[in-house]
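Multiple structures are listed underneath, in C-alpha cells.
After this come two complexes, each holding subunit A, first together with subunit B and then together with subunit C.
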Partner chain A sequence: MDGGIAVLGQVAFWGLYSGCIYILLATGLNLIFGVMKVVNFAHGEFLMLGTYITFFFFVISGFNPYLLLFLSIPILIGAGIIVERLCFRPILGTGKLNEIFISLGLIYIFQNGVAMVFTDEWRSMKSPFADLTIGIGPIQLPLDYIIIVVITAIILVGLSVFLDRTTTGKAIRASSQNRKGAMLMGINVERMDMLTFGIGAGLAGAAGTLWAVSGQVFNPYMGSVPAIKGFAIIILGGLGSIPGAIIGGLAIGMVENFTAFFLGGSWKDAISFILLIVVLLVRPTGLFGEAGE
Partner chain B sequence: MNLAQVRTPKNLLAAAILILALALPFLVGQNLYLLTVLVLMLIFIIYSSAWNFLTFSGQGSLGHAAFLGLGGYAASLATVRLGLPPLLTLVLGGLFSAFIGILIGITCVRLREWFLAMVTFGFAVIIQTLVVSQLAPVTGGWDGFAVQKIVPTTIPGYLVLEYYVVFLIAVLVLVLFYLLLRSRIGLALAAIRENETEARAAGINPVPFKLFAFGLSAFVSGIAGGLEIFHFGYITPEIFGIDLSFWPIIYSITGGLGTLAGPVIGTIVVTLLWDGLNVLGLTYGRFIIIGVLLVLIIIFLPRGLVSLPEEIGKKWGRKGK
Partner chain C sequence: MRTDCIIYTILGLLLIALLLGAGCTQTPATTGPSEIKIGVVASMTGPASTTGKDIWQSAELAANEINAKGGVPVRELGRSLPVRLIQGDDESTREGGMKAVTKLITQDEVNVLVGGYSSAVVSAHQSIVADNKVPYIISGASSSAVSRRTDLDTSYMFFHRPNTDDSAEASIQFLTDVFRPAINEKFGFSNDRKLRVAVIYQDSPFGKGQLDAVKALIPAKNLPIEIVAEEPFKMGESDFRTVLTSVRAKNPDVIYAVTFLNELVPMTQQARRDVGLNTVIMAIENNDDPDYYSGVGVYGDGMIMESRFSPYAVPAGSTEAATRKFLSDFDKKYGGFAGMMGAATYESVYVAAAAIEQAGSLDRAKIRDALATIRVPQMMEIMKNGTISFSPEFRESKFELYVVQLAMDQKSGEPRPVIVWPESLKAGEFSIPDWYTPGSP
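Up next is the complex of A and B:
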C-alpha cells in the first residue's frame, strides 16, 4: 500500500514538473493574447529554440545548464521582438485566420532552419545533478525537478512584480485592458506589442532550457504539440487570465501524467484535447472565459 | 446564356487547362516519377478544395487530416475485410468521414475561430491515438497494412489509367463546388461568413448550413484520403499527421483563399516548387522557402496568387498616371 502511494506521489510530481513547462508557455501566450489579441501558434518553436540554445552552449562551454537561462531568455526576447515586428504587425487587424496561417509559415521556417543546422535526430543532455534525488517520506524526487519547480515559481513571481510595480509593466497591463484608452494616455501600444511578444517568447525560451535540463529528448519538430496544448490551457483557464493559465497548466500536467500512467503513454497527448473538447461542449467560451473577446 | 458570355477569358483559360490536363499523360509518356507527381497533385487538389470549401462558410480547420485519414481507413478496411472494389469503398470512406465530420461540426458550430482551430487540431490527435492504441487490432497500429491499388498493377499503363480516374473525380468535385456556390446554398454560406448575426436577421439559420459545409468538406476529404491510400497501396497512421493537416491550408492560401481556383492553382504551384526544390537537393531548405513564401503571401498578397494579375494591373495603372 505504501508503495502505491509512493508511485502516485511520483506521478503527481511529474505532473507538477510538466505543468511548469505548460505554465511558462501558456503565460506567454496569454500575455501576448491579452495585449495584441493575437494567437501565435508558432509559440512552441520558441520553446524548441530555447532547448537548442541551451544544448549548444552547454556542449561548447560546459557551464551549469541552469545558468544558460540567462542566455536563452534574452536571445528569445530578441527573436520574439523581431518576429512581432516583421510578421505579426503587418497583419494586425486583418482577420483572425491570418495570424494562424502566418504562424504556420513561421513553424516551417524555424523547424527546418534548426533541422538544417542540427539535423532532425532526437537529442538529449544530462544535467550535472541528474543522479541526485531527495527523499520526502516514501517518495524519491529528482533534484532537477525540484529546481525546475522553484525556478518556474521565481520567474512567475518576477513577472508579476514586473507587471504590477514597474511603469512599463503597468503600460502593458493598460494596453491589454483597453488598447484605445492606453493609446490616449500616451502609451506607445505598438512598442508594448513588441515588448509583450518578446516577453512571451522569453518565457518560452526559459521553458525550453528547463525542458532540456530535465533530460527530456527534443528535436526540431518537438515544439508544435506543447504550444497547442499551451493554447488549450488558456482556453480552459480563460483568455487573458494569468492565474487561469497557472491553474490550467497544473491541471493539464497532472491529468496527462495520470492518464499516461493508467491508460498508457500513447494517450498523453490526446487527453488534453479530449478535456478541451468536453469543456468547450459545455462552455463554448472556456471555463473562466468571458462572453466577449 | 449566349456565346459572348461563355467566351470570357476566364472560361477560355479554364478550358485550356482542362485540355492540357487531359493531354498531359501523353506528353509525360512513360516517365513514372512525373506521372506519380501528377496523380498526387490531383489528389491534393481535391483535398485542398474540400478544405477551402469549409472556409466559404466562415469556418476553418487545423486538423483536416482527421477526415483524410478516416476516409482512407474506412475505404481500405472495407476493401481488405469485405472484398469490395476500391471505387465503391471510396464513396463509403467519404460517407463515413462525412458522418464523423457532422458530429464534430455539431460541437463546433458554436465556436469562434481559435477555438474551432483547436478542436479540429485536437480531434486529429485523438483519432490518431485511437487508431494506434485501442483500435490497433483492426488497424494494424503504427505498422498499418497493405491495400490493393485503385487500378490493378497488372494492367499495362495502370498509372495513366489511374491519372484519368483521379482527374475525373477532381473535375466532378470542382463542378459540384462551383454549382453549389452559385446556388442559394452558396449565397447563404456567404451571408453567414460575412456576418452571422445579420444572416440570422435575414432569416437564415446558420446551423444546418455550417453542418452541411462541414459534412461535405469531410466527405470530399475522405474521398481524397481513399484515393491517396489506393494510390500508394499502403496505409499507416501517418495519414493523420500534422503535416497533412497543414498542406491544404498552405495550398489554399498560396492560391487564394475563398476562391474556387485558389486551391487548384496553389496546389499546382506549390507542388511543382516543392518537387523542383527536391530535385535540387534542398531537403530542409524547401520547407523554409515554402514558409517564407507563405508569410510573404499573407502580408503582401492576402488574396493569393489568383489576385496577382489584378494587383499587377493596379500597379501598372498607377504608374501610367
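Up next is the complex of A and C:
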C-alpha cells in the first residue's frame, strides 16, 4: 500500500511540476488578455526564447542556471515591450483577425530567427543539482523540481503583491476592469498595455528558464504545444482571471500526469482538451470567469 | 588621344576574346535531360530534424562523390549525367511528408526518391508514390506494416533497412542469450526465472510494429521473457517522468525503448536522474547517433542498443575501411559524425545511381526493374551475403545486426559504444553496470 501511495505521490509531484510551467505561461497570457483583450498565439515562443537565453548564458558564463532567471525575465520583459509597441499597438482594436495573423507571423519570425542562430538541434542542459534528491515521506524527489515549485510560488506571490499593493499594479487592474474608466481617471492605458505585455512575456521567460533547468529538451519549435495548452488553461480557468490560470494550470498538470499513469502516455495531450470541453459544457465562462468576459 | 587609342584597342581585344570564347564554349545541342534528379525525403524541421539533417547531408556527400567521378553513365543517352539532389522536408509530420513528396514528384519531376524516416510519415505518402510509380529507396520506416502492406501497390518501394521484426529479433536474442544469464549469475536468480521486460514505445506504426514483433517472438520461440509493462507515448514527447514512474512500479529487469533520438535522450536522463529507475534501457538502432551520445551524457553509461551502423564502434572486417572513410569525409565537410540513418541514405543514393546505370535509362519503370534485381557490394553496413539486394516479395534488404553497450569515455566526457554481440563482431564483453538494480526476484 505504501508503495502504491508513494507512486501516486510521485505522479502528483510530476503533475505539480508540469502545472508550474503551465501556470507561469497561462498567467502571462491571461494578464495580457485581461488588459488588452489580445490573443497572442506567439506566447509559446517567449517560453522558447526563455530556454535559449538560459542555455546561452549558462554555456558562456557557467552561472547557476537559477540565477539566470534574473536575466531571462528582464530580457523577455524588454522583448515583450518591443513586440507590443511594434506589432500589437498599431493594430489594437482593428479586429481579431489582424491580431491572429500578427501573432502567427511572430511565431515564424521567432522560430526561424532562433533556428538561424542556434540551429534547430534539440538541446538540453544540466542543473548543478541534477543528482540531488530529497526524501519526503516515502517519496524521493529531485531537488530541482522542489526548487522549481518554490520559485513558481515566489513569482506568483510577487506578481500578486505587485498587482494588489503598488500604484502601477492597481493601474493595470483598473485597465483590465474598465479601460475607458481607467483612461478617465488619468491612467495611461497604453503604458499599461506595454507593461502588461512585458510582464506576460517575462513570466513565459521564467517558465522557459525553469523548463531548461529541469533537464527537458528544447528546440526552436518547442513553444507551440505549451502555448496551445496555455490557451486551454485560460479558457478552462476563465478568461482574464489570474486565480483561474493558476487553478487551471495545476488541474491540467495533474490530470495529464494521472492520465498518463492510468491510461498511458498517448492520452496525455488529449485529456487536456477533454477536460476543457467538459468544464465548458458545465460552466461556459470557465471555472473563475464571469459572464461577458 | 593616345590614351583613347589604348582603351579602344583593349576593348577591341576583349570583344574578340569574348566572341572567340563564346565560339569555343558553344557545344552541339543535346537532347534529353542534363541531370539525374534524386528527391531526398528528410525531416529537416520538427521533432525528427536532427536525424533529417543527417539524412540530407549524407545524401549530399554521396552525390558529390558520384559527380566528382563523372556522374552516372546512362546508356540510352550515350553519356554520363550528374546527380542533383532535391530536398523534400516532411516536417516530421504525415501532412508535411505528403506535401513534400507530391512536390518532388509533380513539380521537380524527380527520377528516384530516397530517404524517409518515420514509419507514420512514410505510410502517409506511400499512396502518392504508388499512384505516380516513382522508384523510392526508403532508408527508414522500419515498421513491417509499411513494407508489407497490401492495401496499395508497393512495387516501386525498396526498403534499405531491417524491418521491425528483424531488429526486434536481434534485440530479444541478445536479451535471452546474454543479458538474462548475466543478471541470473550476478544476482543468484534461478535459471527458470523469466526476464522482466518493460516496453516503452512511441504510439506510431514504428513503435507498435516493434511491440508486436517482440510480443510475437516470445511465444513463437518459447523464450523465458515476461512483458511486465507496455507503455505508449506520443511522438515528440519530452516528459517521460510519469510513464517511467509507472514502469518503475512494475519492477522490470530491462526497459525495451522504441523511440526516436530526441525522445531517448530525455527518457534515459529522466529514468535515472529524476525517477531513480536504475534499470538498463535497451534502445533501437535508429538512436545510434553522435547526437545521442553527446545528449545523454553520463546517464548513458551501461545502456545497450541494437545497431547496424555506429559512428563510434566500427566493426572490424570488410566494411571497416569504407565506414572510416565515410565518417572522416562527413566530419571534414560538416563537422561531427553521421548516424545510422545518414549511412543508410548515403548507401541508398549509391544504390539509386547503380540502378540507373544498370537500367541504362531514366525511365522510372526501368529503374524500378533494375532495383528489383540489383546486387551492389556492401558498403558500410554489413549485409547478409555481403551485397545490398532486395528480397523478391517485399523488397527489403537484409542486414547483419549487432548490439553495443555504452561506457563513459573520460576524454570526450560522453559515453561511447562497444560491440558486445554477436560473437563474430564483438569487441568487448557485456557487463552489468554497478548502479543496476534488477526487478523483483
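Following the convention adopted for this analysis, the second predicted complex is superposed on the first by the 289 of 293 C-alpha atoms of A that agree within 3 Å, B and C clash if a C-alpha of one lies under 4 Å from a C-alpha of the other, contacts with A are read in each partner's own complex, and residues count from 1 in each chain.
The definition used in the following text is that contacts are C-beta pairs under 8 Å (C-beta built on N, C-alpha and C of every residue); 3 or more make two chains touch, one makes a residue touch a chain.
Keep in mind that what you see is a predicted model, and the values were worked out from it rather than measured.
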Practice item. Would you mind checking whether subunit B and subunit C clash or fit side by side on subunit A after the superposition? Key: clash
Review point. Counting only touches as set out at the top, which of subunit B and subunit C does A:V7 meet: first, second, both, neither?
Key: second
**Study point:** Partner chain(s) touched by A:F70 [first = subunit B, second = subunit C, both, neither]
**Key:** neither
Exercise for review: Using the superposition on chain A described above, determine whether A:F231 touches subunit B (first), subunit C (second), both, or neither.
Suggested key: first
Practice item. Could you say whether A:M116 touches subunit B, subunit C, both of them, or neither, answering first, second, both or neither? Key: first
Check your understanding: First (subunit B), second (subunit C), both or neither: which does A:A260 touch?
Key -> second
Review point. If you count the residues of subunit A that each partner touches, which comes out higher, subunit B or subunit C?
Key: B
Practice item. With the two complexes overlaid, spot the stretch of subunit C among 93-101, 309-317 or 363-371 whose C-alpha atoms clash with subunit B. Key: 93-101
Exercise for review: For subunit A, give the residues common to its interface with subunit B and its interface with subunit C.
Suggested key: 120, 264, 266, 269
Check your understanding: For subunit A, which residues count as touching subunit C in their complex?
Key -> 3-4, 7, 10-11, 14-15, 17-18, 120-122, 124, 126, 130-131, 133, 140, 142, 145, 215-217, 219, 221-222, 257-258, 260-261, 264-266, 268-269
Review point. Touching subunit B in the complex: which residues of subunit A?
Key: 39, 41, 87, 90-91, 94, 96-98, 100-102, 104-109, 111-113, 115-116, 120, 224-225, 228, 231-232, 235, 264, 266-267, 269-270, 272-274, 276-277, 280-281, 284, 286
Check your understanding: In their complex, what parts of subunit C are in touch with subunit A?
Key -> 45-46, 49-50, 203, 231-234, 237-243, 245-246, 248-249, 262, 265-266, 269-270, 273-276, 291, 295, 297
Exercise for review: Give every residue of subunit B touching subunit A within the complex, in rising order.
Suggested key: 55, 60, 62, 107, 110-115, 117-119, 121-123, 125-126, 128-130, 132-133, 242, 246, 249-250, 253, 257, 284-285, 287-288, 290-295, 298-299, 302
